[in-house]
Structures are given as structure tokens and as C-alpha cells.
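What follows is chain A paired twice: with chain B in the first complex and chain C in the second.
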Partner chain A sequence: MPKMSTNNVDVIKMIGKYLDVSVGAVCYNTDKVPTAVLENKNVEGFVTIILSMVSKCGTASSEEQRLLTYQWLEYISMFSNQAVANSTFAFKFLQEINRALQSNTYLTGQFLTIADVALYYIVYPLLEHMSVAERDAFVHLCRWSKHIQAQPRVCHNRPPLPLNAVSLSVLAPAVH
Partner chain B sequence: MVKSEDPSIVVGDAAASKKAAKKAAKTAEKQQKKAEHKASSAQPSTESEPDFSEGLYGNMKMIQSSGEHRDRVYTDVENLSIKMDGQTVWVRARLQTSRAKGKQCFAVLRQTSSTVQLLVSVNEQRKISKQMVKFTGNITRESIVDVEASVVRTAAPVESCTIKDVELVAHQIWTVSSARSQLPLQIEDAARPEKSDEPEALKIRVNQDTRLDNRVLDLRTPANQAVFRIEAGVCRLFRDILTKKGFVEIHTPKIISAASEGGANVFTVSYFKSSAYLAQSPQLYKQMAIAADFDKVFTVGAVFRAEDSNTHRHLTEFVGLDLEMSFKQHYHEVLDTIGGTFTEMFRGLRDQFASEIATVGQQYRVEPFKFLDPPLKLEFPQAVQMLKEAGVSVGDEDDLSTPDEKLLGRLVRAKYDTDFYILDKYPLAVRPFYTMPDPGNPKYSNSYDMFMRGEEILSGAQRIHDPDLLAERARLHGVDTSKIAAYIESFRLGCPPHAGGGIGLERVVMLYLGLDNIRKTSMFPRDPKRVTP
Partner chain C sequence: MKIYTNKNNTGTLKLLIAANLAAKKVEIVEAEFEDDVFAGPRQLPLLEVDPELRFFSSNAAVQYLFPILDMSENGQCQQLQEWEATRLQPSLSAALGKSPASDVKQVLKSSLEHVNGLLGGHQYVLGDKISAADISIWSTLYPLTHNDDLREQYLKELGNIRRWSDAIGGAKSVQEAVRQWGGSPTGPFGQISALGLPQVANLVSPAGSPDDDAEVQEGPTPEEIEAAKEGWLNGLSKLQPPLKQEKIVLPVKGRKNVLITSALPYVNNVPHLGNIIGCVLSADIFARYCRLCDYNTLYICGTDEYGTATETKALEEGVTPKQICDKYFEIHNNVYRWFNIGFDYFGRTSTEEQAEITQRLFLKLNENGFVSSQTVDQLFCEKCDRFLADRFVEGTCPHPGCGYEGARGDQCDKCGRLVNAPELLQPRCKVCAHPPVLKPSEQLFIELGQLEPSLRSWMSRWEHLWSAPARAVGRAWLREPLRARALTRDLRWGVPVPLDGYRHKVFYVWFDAPIGYMSITQCATKQYEAWWKPDKEYDVSLYQFMAKDNVPFHVVMFPATVLGVNEGHLLVKHLFATEYLNYEEGKFSKSRGVGVFGNDAQDTGIPSDVWRFYLASIRPETSDSSFSWTELGTRNNSELLNNLGNFCHRSLSFCSNAFKGLIPEPNPRRSDYELMALVNREIAAYVQNMEKGRLREALRHVLSISRLGNQHMQSEQPWVLLKGSEDDKQRGATAIGLCCQLVALLCALLAPYVPDTTRKLRGQLNVDAEKLRLNPENPRLLRYLPPGHIIGKPEPLFVKIEQERLEELRARYAGTQSQRADKKNSKTLDIAELEKAIAEQGDAVRKLKSTTKDKSVWQPEVEKLLELKKRLTEAQKQAETRPAANQAAGDVASLEKAIAEQGDAVRKLKSTTKDKSVWQPEVEKLLELKKRLTEAQKQAETRPAANQAAGDVASLEKAIAEQGDKVRKLKASTKDKAVWQPEVNVLLDLKKRLQALQVKK
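And now, the complex of A and B:
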């Protein structure tokens, strides 16, 4: 079981560091919704906070990209807490993502978006304690993680995951 | 065909038995009526048609070596070919399946791994009657039959048999030994490939316990016939290769007075008024043979380990192929001999048993075994480094766990493209007390393991041949020196430096073929839960 869970509030803080955007005091309000103070305005909701932080950075992206990013962030916010708490659910969660990444370099297709970074932070504790044999079931997820953590500024406070054996499942697949 | 069943007699109290008796009487009456009806309807058909195949088929008199038919020459099914087109042959084989339909009966005859189609069709000229066809259709599966038939070229190749270009057209058919009608498992089911590409193929498989309970039937499948012929080949190659290198085969006792490897996993036998143990390994005796000037010895014999391990790779009794060799200056003389023996064995298997390996491959997934010549030799610190790079940390003086070994096997396969490698210089702390320490580094030892497909098959080392050092190491390991006094004493009589190792025959065959369970390569396996057949 993961020792350090990355709940949504932590993810928001980490994304703030990644984007170099000050996030202010992030916490859960009475409705269990993450709230942050950005530019003296109250912003509620995991997805909303992240998207407004991104918009402050001013990276251009197509309409389709923005919509896909939004969808993925919604997905992440819905399931991440359950995945951290329940290991069978985590397994299914990772399987779904693995399947989605089978023929995509990034979650939304060909371009790195904030959804990739957010999901990497969520998935980190789940992958951290897996053995090489267990990681074999998530080849695409591991390939993607290895790629994301190599991007600049992603790994600022935690060491990158040791994912050197990813190609092993292709070169020397496990038997029995 | 309607089967008649015996009415079940209920064993109970008087009231119940009266009811049961009434019921039994009723069913008996019913059956009698049925039999009469059958007899009356059957009689006309047999009476009306004379049987002109009289004397050409039937149940053969029990072969009691009375001297008849000694001039008959039999042909093996595997030798049937187009070259024999037109010839008449006698074949003794098993009737695998038969399908009778009116005037024809198609049967498949099987002899070890070869199958051929047999055709019995009504023909007045060749004196095949309807009764003979019916008789053939009724022969129970797996019965042994003697068939006199003509070898005939087939119009189209017979896909379902190994002999595809010819079939046998029967003249005579006799049952030598009938099998009972209800078999505990069907050979076809037991021989069906594990994974089938066809979506329409039958999915009936026989599970391992059923196979092992009915081992006589299970061993008849082509894959099993091939597996045990390969196993015989491994044993023969081991013997031949070592004999050529000047080794002498010895046989060591299996009833011993003290546990050789360690007290826990040993079987005790009652020995007259006291007790003795079943040998866990021939270790002590191999070394005593070296001290007795036999220089290079090997032994093939049973090894008994009373480990309650119910895994895919442990048996309580297995065949050990052990060798021990004296050397002049460095234990690598022995290590290279062992490695070379393995390489020659793999080459011999690949070249001489290609068809058997292919037969096994038809039922189980078999990946060809890759090896290097000379074999790959890694040192323990190198292995630890490789594992570290993959994210697994192993302590300086720790042994490798089974998952570590499996991962290391995959890493080696990916990096060096070999399924067989030697790992040298294990930490001293994890080896038995009689292992010679490394002269350069006291934390390590002159010991080695060999791996096939990531699983350990051989554990060996240079043995301590100095009695004082041996006694000291025994004390350090907490071994009671009084129990091994005779062993230590044998080194006080002058003993050359020596090293060796032992392998499990079943494990080598299992890993060479890439099978998943050692019970597949042990003819009558023994494990904590199985002592029969």
C-alpha cells in the first residue's frame, strides 16, 4: 500500500510549483471541494483551479486539446482518491490508463498537457511500491511515466521512479 | 446404444428394503423385457447374413507364449510410408478412436507418438463382412490390436494423423488386450494443445491431478512420450559426456546415518531396531570417493528432500545428477568442466532430439533454449549491480530470493541473449559450512550457482579439504562436529582440493523445454501430497 498518498490538494500544490504559479492556501472547504485563492479570487474545484493556473501561464493549445485536457482532469479528480484508498480499484484505474496510453504518447494524444503532469503526480505513489513483475502489467503506463518524469520541472520534490526495466517485458517477457 | 444399469440396492431398514425390493423387481422385469426384445430384433439380422470373415477377426486368445505366429513380422507405424504402397503388413498398435458408419469403419491406430488411419470397409472379395466392420467399431478405445492390412496411398493427406500420405486397409483385425469401456480420461483430451488458435476447437482439458492419478493413461500422450524420451536423453548425454572426460560413475548409499545437508528436511526410516535417514544428497560420499583416489566421479540416483514445499518446482523425491572433481590449482578448472558439460548437453539435445522437442511443442508452448559457448559467467557483485539498475536492492551478504533470480534471468536474457548462465563468487554467509572461502575477500566464497531460464539448477562450490578449517567452519555455523566426525576424519587421510555440484534431472528437463511444472517431467512424481501411483 502506498505510504504517501497524493490527494488532490497536494497535486494542486505540486502543479503550482511545476507551473511556477503561486497557489496560495489550498484546502478543502466544507463541501470537501478543493479551494484556492488565485489573484485574490476564490476558485473552487480541482479542475477549475488547475485550468485557471494553466491559463495564467498562457500556453497556447487548440480547442480540442483544451477539451480533452478538461475531460482527463475530471476523470483524475473523480477517481484518484478512491484509487489511493482501495488497491483493487487502483489496479483497475491503472489498467484503464494503461489501455488509454497504448497507442498514445500523451493522454490527449500527441502533446504534453497539464493532465499528464497531474496524472503523473497521482500515479507516482501507486507505481512507487510495485515490483518489476507487477509493473509488467502496465507497460504503457510505465513508458509514459518514464517520459513524463524526464520532462523539465516535473520532478521537483520527489526523485524520479526507477523505471529502467520497462523494456524488459519486450526483450525478455516473464514466463510462468 | 442403450446402457443397462443395475438397480441400486438401498441398504437401510426393513420398511425401506421392502419398497426397494419391489422397485428392484419392477426394474428387473423391465430389463428382461428389453433384453428379450433386443434379442428377438437382433437375431434376424445376424441369422440372415452369414459371416464370411469368420477366422479373420475377433478377440485373440491370450498370448501365453504358446509358440504360434512367431514368424509374423510387425512393422512400426512410424515406418509406414508411400514407399510401402501396395505391401501387406502386420501392425500391433493401440486403437485410439474408431468411427463405424454402416459399411465402413474408420479407426486411428497409435504406436507411441505415431498415428495412422485404418479403414475397414465391407468387401466380399477381400472377405470383410458387416459383422467385422461392426466388431471393429465396438473395440474399446486404447485396446491393443493386431492388424494385417495393405498400405494404400491416400487420395488426400490425412490431416489428423502423423502418417499423412498412406492409410491401412484391413484384412484381419484381432484384439490382443482390451481396455475397459469407461476410461477415466480420454487420450485426445489429455493430448489437446493448451492454447488453440481455432475458436471452434474443443476446450476440454485434463487437469494435472486427474492426469497424475491416472498416470498410465496420461503417459501415453505424444507429448509425454516425447518428454520422457528427452529426459532419458539428458541422462544419457550427462553420462556419455562425463565418461568421455574421464569421470567414473559411482553409486552412493541412500540409507545414511546422519543428515548431510541440514537436519530439518530429511526423511527418517526405521532401520531394524533403530532409525536411519534417506540421503538428501550424495555430497559426503562423492567427497569420500575423491579422497579414495577416484579423481573424477559422477553419480545418478534418487535424492530425498522432506521439504513441505508445494510449488511448481519442488518434489520430495527426484533424480540427482551429481559430479565431483579434484583439481590442481583453481576451482575454475571444475567450473569450466561443468559449464562445458551443460553446453554439450544442450547441443546434444538440440541436435538429437529435435523431433521430440517439436512433439512437445505441439501441446505446450516451447521456446527454443538459448545458450552461449563458452557459457556466460557473471560474478555475484555484477548481478547485484544489474538488479540495482532495475530497481531491486540486494544486501552485500544476502542471498538472491526467487523473484530476484527470476528478474535477473530476464535481465541476463535481455542483455546477453542466453537462457543459461553461471553466477560465481556467492557471499560466504549464505553457503553451507563446507564451502571454501574466497582467499582474496573473506565475505565471499568459491561457490557458484547455475541458472536456466532464471531458475537455479545447480549449486556447487570448492569444498574445504583441510580438516581443521572444516571443523572451524562447522563450529561457526553451529553444526555439531560430533555428528560429522566421520566426515571430517576422511580429510585427515590426505585429500586433494576438489569441487563439484549437483543438478536435478527433472528440473533441467522442465527448464530446457520451458514447461511450467516439474510434475510434467517426473514420471511418477512425489510431493508432500502425493505418494501414489
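And now, the complex of A and C:
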């Protein structure tokens, strides 16, 4: 069964699967910072490892797009641990993200980036434990999650979150 | 480009330096987190290149303003920036805040050493060229490098940083940036994110923001700490004296007397989870809470038994209505008993007491002039030869704009408004679908219109004490003037009307059912008026629990009756109605049998406490909520098991192992009192929410207490302390003592929700329920376990529910009850029967498709067909594997031998002990063996027949030839694949079977 919460190392591993890049061993160093070895180089930090994996895939993106992706990953890296550990904080964290998704299809605008996938993995257990009523506060986030999980590559073995399609598309239509 | 920023934010300094180095022009705009400038996370500074391109991360903004051309260094620069954002900046801000913890300073120091190391032998952090990382780190360290005290404190031995800092600070463009920034190195500093400071991963003490705003929970005030101390030292002695539990509960002078009712469930069906949490369980949790507070509490409920539905059902089953009620009363009673609903009395409405009180109230109402009579044209079904009760007429909703076709004669399920049965458009008898005719009949009415003023003034006075759904329904009802409402019906099963000319009629159920609360009180106490017409000197309050659909009867009809009778009867004070609970993504439905019903819950093997806990935690308090199997599992595993269960078990085990169960004498220090103060906040919130009937909210606060306890345990690490110095040992003992007291507190607060578990926990704590009480006037942590107390044996309280189990249950309870029953039966269908069914269904589908193009018409039939085929494949698979299974099951002879042996074993065991738990498992083994024997015997008989049914080669070949012809013909006549595909499949199947046979031979 999926674990109750997803820590940053789990997210990195899942992204490795998603990108089909072998990450090798990923663990926390003594400072509890995720650490991996890529091409014989020690890579530290959630954002850095993920971006290294992406560059290993060779998908090119504009400099702007890369920075926007960076800033979202940095945001996740700053706050996701706390959101996973504390439900009151999680609520505030998700509110911030919900606001961002109000006017954008994806986090960085109109294109799916690795930041979306990473955030989805963080958000999944948080949304999973909410009742339908609680999710109401996050319609944009739910609409976005539905969008992300529609990609089979994202889900691995986990079932997609049951997000009510009818009310979502009415309340929070995708922005294009 | 614009930079939005608050005052003295070092992040902004980064942006200005980068812009100056790159010679880009920027404009500074002042902003706060409350301002409406954010389209995403509220972080400052915010760089707006254009409305479409904004950076809320100062590090991303720096990279944008000051791009690095050397791509090889890219990874390193980002790595450092991430490190700056997640470690350096938060630990520095925390260290500069008020009274920083020592570990925070430690983290900052090691971070600074890291930077110092990077600068060894290099001019800049990444080599000999300045990079975005230099800009970010330099700006963040600005308060350290430019404040003499801090520079002395932190950078004295870090020469590389000092050199690097001075070199960068000396650059002209940097000096210009600092001037534009206009900040001060002594703070206070602008907050970077609305979420506060990121927590540094390996720190135990949370990093407090230097300027915590109101959003972040404040630490306890000195007053709170004083109160916590007082409660700890003297609270127990100030607890109210315990209430003596009388056998018959009657109001007590000088006490708070609480009469609790839960909506009377209609007797005619099995309650589902939505009914249970909506009424009886909510009321039970509240009643248990009241007893915890020593309120004198009477909780009553019962089955609502009169009405047409019962009468009709009795006709159907060929028994009397009374017999139907007896049967279902038992079902209800058992379900509620399993859920541990602690009624003081669970009665029924078909009693003499009920008739007596109803008739008395009616006569008084009549005497007071609120009853009128009218001849009404009533719907009469000539085919059934009876007047049709409202619920037995269906038709189109007469309300303009609704037009729902399935409206009932009393209410429209779609628009929720009441319906007068004869006003239904296109009415039909629900039993025979025959259109009814109107026939005159004289009935009595209550003049609700005349009672409206007094009803309104009562409602406006008390509605503030009701839950939001109750208020909403009440107000909606008074939006239109109230009309007279029929009191009597032409039926037999009910309370007879005690008035000449009407004696062959009975009262409408809506009128007599709420009076059931009084009659059930009478059955319970023999003095119902002590509760319902209390003496002015007694403080008696009526609390009523129900789901939203029952509200009109409790805020309009019943109060109007009571006001019309005008004898000073008790009216509801707190009305706690809930919204609806949905099942997974759909609706619970009694009539269609969708969802989980009371007896199903029992069959799952999941303890009733887990159900109670889960249902309370999704109680539809403010809006509809949904039942989900997954959530049931996660709540059990994460909250009950990991949070609560773990805390209780760890605390008690520690006490048991390290102190032989003797609660260590705590010697609380200030930090312990701080913890108590935080716990007291949660207890206060628990009481406040409970008193307002917000049971779900209250439960959340209980869990917070256990979370605080876990955190305390984690940060104190008593397992380390107990091995340390004398002082450490004392601290460790205090931590464990305090945690055990918190367990006792949790045991008290949880008792309303999970009574079985708390009973077990009380055993482990070795305390009586009477000790674990709450003072609602001054709720706080008390020293429940006295000095010298010895606890019992700690045991785990909860069991994990595995995901697979939940999947299994979800599958088992999918669809409607009748579908589930089909599924069960279908297992016994053999291959031949299935094939026949498939052929028939295939015909049906073809016919349908030929008559209509409306997919919605034939789709369901197609699905049935597909379902049948699936089952066929499964059945065939099973048929193949069965012979092997038979062998494994053993032959009849060996089973008989095993049974004889097991039987002996059981007899011996039973003769040695009376403890059922000892011999029960062995008995079960025996029964299982016997079952297998019967099966084996059956199979032995049927096996030859089954072989024949599989058919021989010749007949199969013939069938294939025929089927082949059929397919060819079909394909020639139509191109619709959906039509011929099933036949093709049949053909392929036949061929496969033939092949299989040939291979065997």
C-alpha cells in the first residue's frame, strides 16, 4: 500500500521512474538533504537531483522555462517536508499552490514540466486524505491533479485520485 | 521590470545586485503579503518581467537577471542556490530571531564553515568568476557580515568569508545596489514567504520566524502557563463531584440536565452508514461527552413504526404490521448495539404510552382551537381498493421550474419542496402504477398559519444555537406562509383519532412520530413530564440530532404542535442536523440498496470503534461528505494506529519497562508547563466544539494532543536521558510521567468516540472511568494518575488495515444490494447455464438495436451481456483448475478420518477448560473440516455428470459448423460489428474447446 506520506527521496525515485532515468541510490545525508550519485558526481539537494535527471534525458527547454521550473522545485524543496508532517501547514501550502493554478494550466504556464510531476507526487497523499468537502477549497489544484494523473506514466502503480469530474470542470475549467 | 518587496528583505538585495551587475533597470514597488499582487505563492521579493513572466523565487530571479554563460557550472550554481534557500537562509533567519535554540546556531555555524571551505583557494564560491550563487549567498549573509557583533560572533575564524565579503562589498555596482535597497543590517528583516520560514530538515526545534505574524500559532502566554501549572497542581481537587448514576434518570436540581434524542429511524429497513452518523452515532458521541462532564444525561431513541410503508410491507409479506415491526425492531436494535450506541432507552412508537400521549396532546390542541376539518379529495386507487398515502403516489413535481418526474406525494426529492399529493402531475399508484382517482374524505387539519407568529418568535430566539444546516432549512420553511396541514389519514395502522366521526381514522405519522420522544421517555422513566414539562427550578435542555431531511418536522411541525398545546412543554434548544453522507462518489440509498449498511459494517470484521472513529471524522457537519474505503484505511492506519495508538503504547511501555509500571514522579520544568499550556488549548477547543455539536472538529483537537505528545517524546528522547546523568534521568522520568498523564487525558477525551478502545486503555492504565472526567467550565490537563499509581499491562490498541483488504471490501460492496446478491448466486451458475444466458441476452441486444438507435436504451443490455461473458470465461478457467483443487482438498475417506480426530481433540479440550476462547478455535477447525467433507461428497457425485456436459468431440464439431454458418449469415446482413462479434466469440470459444479436447486425447 502507498505510504501515508511521501518524502522527498520517494519523490525523486518516482521521478526517476517517470523519466526512465536510473538514479541509483538516493538517500539523505547527515543534514537530511537528499543525496544521489550521478555520473560519478555527488549531487545534493532535491531540486538539483531532479534537474540533473532531466538534463540527462536531454529534453531541451528555454532558459526561461528552466528558471520557472527551478523556482517551483525550490518552493517545493523549501516547504514540502513541513506540509507532509503538519496538516494545518499543508492546508496553507496547498492554498498558495491553488492560487497559482487558478490562472495557469500548469505550474509554469502552458507546458507540463517536471515541477508539475514532482508536486503531484507531494500533493497526492495530502489530497488523498481529504474529504470531498475539504478538497473544495482546492478546486484548481484538483483540476490540475486530474490533468496530471491522466498521463499513465505519472501514476506508476498508484490509482488516480478520485476527483469528481463534473463539479471540477464546472467550477475550475482548465485555463488555456 | 518591477520588483515588489516588503521592507528590509535580503532577497531584494540579491535582485538589486544582479540587476546592477547586469546593468538592467528595475523599479521597486512596496508590497505586503496581504496585497493583491500575487498570482502564485506569496513570496517576496517578486520580480515581474512582464505580467506573463514573474519570479517569486529570488534565486531564480537572480539567475534571470544575471545569467551565467558557462553551462558546465550550471549544476553547481543551482545546487548552491537550493542550499541557500533551504538551509542557509532559514537557519540564519532563525538564529537572528528571538532566543534561538542552540541547535539552530549550530546548523548556521556549520553552514558558514561550508561556505568558508568553498572559498578556500578561490576568489568566488564557484571558482574565479562571480556567479549567481555568490550574489545569493552574499546578500543572505549581509546581516552577519555588516553587523559588528554578529561578525565577531560567527565569522571571527572564517577569514575566507570575510575576505570574499569585503571584496564583493567593495564593488561599485554592489554599493549602488545596497544604497537602493536601503535596508539595515540590524533588522528586523522582511519575511520571505507567507508560509514563514522553511524548516531546516535535521533540526528538532522548529525554526521560528524572526517576525512571526498572527497566522503562525503563538507560543503559550505567561497566563496560559500559570493556568496550566495551577491545573496540574490543583485541578483534580476542583473537579465537580461525580454524578451518581441512578437506575432511572430523572432531572436533578442544581445540575445541568441534558435530554438527548436522535431522530427515530423508520422501522422498515436496515439503517446505512449515513443514517448512523447522521443521528444515532452523533447523539451517542454527544451523550457520552455529556456524561464525561457529569451532566445528568438521558439519551433516548426508538423505531418509528406507524405509517403506510409498514402496512403495505405487511400486506406483501402476509403478516401483521406489528410482526413486521417486531422483526425490524430487532434488526435496528442489533445494529445499534454492535455500534455501541449507548441509549438509556431504545423504544418504539407502537406502544400504549404513545397512543395515550398523542391523543391527549391532540385533544388539547383541538380545545385550543388550532384544529379544523375539511373535506379533501384524496387519491384513491381503485385497483388496490384503498386510499393512497402520500408516499404511495408518484408523479411529476408541480412546482414551477422543477418538473421532476419521480416526485413523491409528500415531497419532491429533487427540489426538496413539499408536495400536496393531489397536485402531482400525472400521478400513479406506486404499487400498481394505475392512475388513482380523487375521492372525497373528511380529515382534520392543524392550522399552522395561526401558530406562525409564535413559531417565528421562538425560532428567532433559539436558532443561533442550531447547526448551520438546521438553520438554513428552518429559514427556508418560513419564507412562504405556513398552510394548514392534514393530521389524519384513512388508515388502520396508527394511533386512532379520539374524536367522534373520525374514530376509524388514524393520525398522520408526521404528527405522532415526534411525540414518540415523549412516549419513549415515559417508557424509560415512567415520569416523562419530569423531563418534558420540567419545574422552573430545574435546568433542562433538549438536544436533538438528525439529518437535514428531518429538520422541518423538528423546527416547524413539532414545535407548532407543542406551542399550540401551550402547556409549557420543553422545546428543542440545540438542534444539531447534519448534511448528507455520500458513498464513494455516489449516494447512499436505502431504497436502491446502494452503500454500506449497518449489518455490512459488522461483516467486514473491522472493529466498531474504527467505524465510529472514521464516521465521526467525516461527519457531514458543514457540507456533504463522502465515505471512502481508502480513507477508512488511511484514517485507521495513520491516525488511530500511527498517531494515537503509537503514542499510548510507547508511553505506557516505557513506564512499564523502565519503571515497572510505577508512574514516575514528574518534576515539571517550564518547558513541560509550556507543553501543558498547548495541550490545554486543544482541550478548550475540544469542549467548545463539542458543546456546539461539532463532533468532527472536536475529534481533530484530540488528535492534536496526541501529536503534541509524540513530538514531546521525540524531542525529549527519554530513552537517551534515562541513561544519562542524575539530572537527565529526572528529566527522562518527567517526560514519561507527563506522557502517561497525556495518555490518561486522551483516554478521557476519546471515550465518546471509541468506547471499546478506551475501556481497554483504562484497563492498561488501571483507572476507573469515574476518575477520567472533564471540567467543562475550566477544561485543562489534570493529574489523572495520582503519585504512586501503578499501571497495568500495555498492549497495542489498533490493528493495521491492509490495502488489499480495502480493495476487497470495496469490490464486495460495489453496486446495489440486489446486484451483490446476484453476484453471489451467479457463482453457482455452471458453464452450460451461462452459455444459455449469453445466447438469450445476445438475442435481446440484437432486437433492441434493431428497434432503436438510442444508445442509452441498449447500452445497459450490452453491458449485461459483456458481464455474462466475463463470468463465462472465469467459469471455464475454474472448470479447468478444479480437478487439481479436488485432489488437494483430499478425498472423502481422509477427510472423515481427520474429522474423527479433531472431534476427539475438541471433546478433550472442552472437558479441561470452560474458557471459550481456548476451545473455540479448535471447534472452528472441526466445522471447517466438516464443510469440506460435504463439498467433497457432493463433488464426487456430480463429477461424472460434469464431464458429460463438457461434450464430446463430435457434438462440438457439429456445433462449430452450425455457429460458423450463423456468423457468415450475420456478417453478410450487417456491418455492425457489435451485432456479429458476440457470435464470432461464441464460435471462437467452441473452437478452443474442441482444440482442448483434441489435445487431451
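Methods note: the second predicted complex is superposed on the first by the 161 of 176 C-alpha atoms of A that agree within 3 Å, B and C clash if a C-alpha of one lies under 4 Å from a C-alpha of the other, contacts with A are read in each partner's own complex, and residues count from 1 in each chain.
Convention: a contact is a pair of C-beta atoms (placed from the backbone, for glycine too) under 8 Å apart; a residue touches a chain by one contact, two chains touch by 3 or more.
For clarity, every value in this text was computed on a predicted model and none was experimentally measured.
Asks: Going by the contact rule set out at the top, does A:77 touch chain B (first), chain C (second), both, or neither?
Replies: Touch partner of A:77: chain C, not chain B.
Asks: Does the superposition put A:68 against chain B (first), chain C (second), both, or neither?
Replies: second
Asks: So in the superposed three-chain picture, is A:96 touching just chain B, just chain C, both, or none of them (first/second/both/neither)?
Replies: In the superposition, A:96 contacts chain C only.
Asks: With the two structures laid over each other on chain A, which partner does A:40 touch: chain B (first), chain C (second), both, or neither?
Replies: neither
Asks: Given the touch rule stated above, what does A:157 touch, chain B (first), chain C (second), both, or neither?
Replies: After superposition on chain A, A:157 lies in contact with neither partner.
Asks: A:132 contacts which: chain B (first), chain C (second), both, neither?
Replies: A:132 sits against chain B and chain C alike.
Asks: Which of the two, chain B or chain C, is in touch with more residues of chain A?
Replies: C
Asks: Once the complexes are superposed, what residues of chain A are shared between the chain B interface and the chain C interface?
Replies: Residues 131-133, 162, 164, which sit in both footprints.
Asks: Write out the stretch or stretches of chain A touching chain B in their complex.
Replies: Spelled out, the residues of chain A in touch with chain B are 131-133, 162-165, 167-168, 171-176.
Asks: Which chain C residues qualify as touching chain A in the complex?
Replies: Of all residues in chain C, those touching chain A are 38-43, 52-53, 55-57, 59-60, 63-64, 67, 75, 78-79, 81-83, 85-87, 90, 193-195, 198-199, 201-202, 215, 582, 584-585, 618, 620, 622-626, 628, 630-631, 633-635, 637-638, 642, 802-804.
Asks: Considering only the defined contacts, which chain A positions touch chain C in the complex?
Replies: Checking each residue of chain A against chain C gives 1-2, 4, 28, 30-33, 43-48, 51-52, 55, 63-64, 67-68, 70-71, 74-75, 77-79, 81-82, 89, 92-93, 96-97, 99-100, 102-104, 109, 128-129, 131-133, 136, 162, 164.
Asks: Residues of chain B touching chain A in their complex?
Replies: Touch list, chain B to chain A: 312, 367, 389-392, 403, 406-407, 409-411, 413-414, 453, 514, 516.
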